[in-house]
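What follows is a single structure, and I will ask about it in a moment.
When the chains are written out, they are named A, B, C, D, E and F in that same order, and each has its own residue count from 1.
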């Protein structure tokens, strides 16, 4: 599947925090940056998310805010 | 200013593509990953965005989709 | 590619409206409902979007508002 | 009330999954496609959401990603 | 129409900036705060948006970031 | 920190509702309008959110829907 979203960052699952319904997935990118996603636990199960797994973090460019110091 | 968003990725502006109203800002993260943001040109001007500038890409964790191969 | 987003609706491209930077893609679902997406023209080109093509409309469940009459 | 969002899909509530704070509302569209929304339980109560009720799924076009096989 | 979104702020249109495809709508809230929306020009036309008109700014609570000084 | 998001509304925390993982933060704006944000409890802790505290509600203009009566 090819997607229109501009941001499709490859990384590795570093940590999973499970809530009642949702799961926080912390993804480590190649240079050490981390990106966190909140998805439902059922989606995490369906995708077989586990620590160390290679995944992609997908974000529409219109959902990215830019900030400066 | 401190923000609630979990994702606050430091990087450098690599490329700026100007449209009529919007600007695409391509940000390079430390390990070479890139994250693209679409903001208004007036916001880009106000922040003084230019190639090479250090910026942050801010994304709410609920706007990040996870994908697997 | 498998994705975490709960909404992954299969349909056919019914109409494409091109702006300067963005493209509006109108997707017709099986029962006649339509869902419109705004993506960049470069993404539309990369995906080879054209009228009649089978595509998926992907939306995070947290971005769907519910309304009643 | 009239809204600016391009996507305003009429359907019927097919399933409701209640969490601690949030509710997942699965909406069936005319041709059998399903669209899921996550809203707070208090919003679901306020709207009187129940299985079989006619509702609308509202999504901004800028929050719809397009994918191809 | 009743909607699930928690934020439904009543205000008056203070300014409209037209682009090629989109329109920026600046809405003034009772106490002088302003909230800006970007919608398509066709949506703005359909809703009859004009300066001085009473409108609502609708935002899902999950799209609001909190910041502190 | 300066941010690209057009909406950066100053207000005071009026109410905090804690869930298992998330917190609902109700912010009162100068004229009495309220805007609600859902963030993680860990973010609320990190920012020291408490009733009466001055905060900012940040929203990308592309996430604001406009409605009329």
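Assume contacts are C-beta pairs under 8 Å (C-beta built on N, C-alpha and C of every residue); 3 or more make two chains touch, one makes a residue touch a chain.
Given the structure is predicted, the values throughout are model-derived calculations rather than measurements.
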| item | value |
| --- | --- |
| Type of subunit B:subunit C copy interface by residue overlap (half), same or different | different |
| Copies subunit A and subunit D - rotation angle from C-alpha fit, nearest 5 degrees | 120 |
| Rounded Å distance, subunit A centre to subunit E centre (Cα mean) | 30 |
| Centroid distance [mean C-alpha coordinates] between subunit E and subunit D, Å | 22 |
| Subunit A-subunit B separation of Cα centroids, rounded to whole Å | 16 |
| For subunit A, residues that touch 2 or more chains besides their own | 1-6, 20, 24, 37-40, 43-44, 47, 56, 58, 60-63, 65-69 |
| Parts of subunit E lying in touch with subunit C, wherever the complex brings them together | 1-5, 20-21, 40, 58, 60, 62-63 |
| Touching residues (chain side subunit F, partner subunit D) in the complex | 19-20, 22, 24, 38, 62-63, 65-69 |
| Footprint of subunit D on subunit C - complex, ascending | 3, 5-11, 24-25, 27, 29-39, 43-44, 47-49, 53-69 |
| Touching residues on subunit C, where the partner in the complex is subunit A | 1-6, 37, 39-40, 43-44, 46-47, 56, 58, 61 |
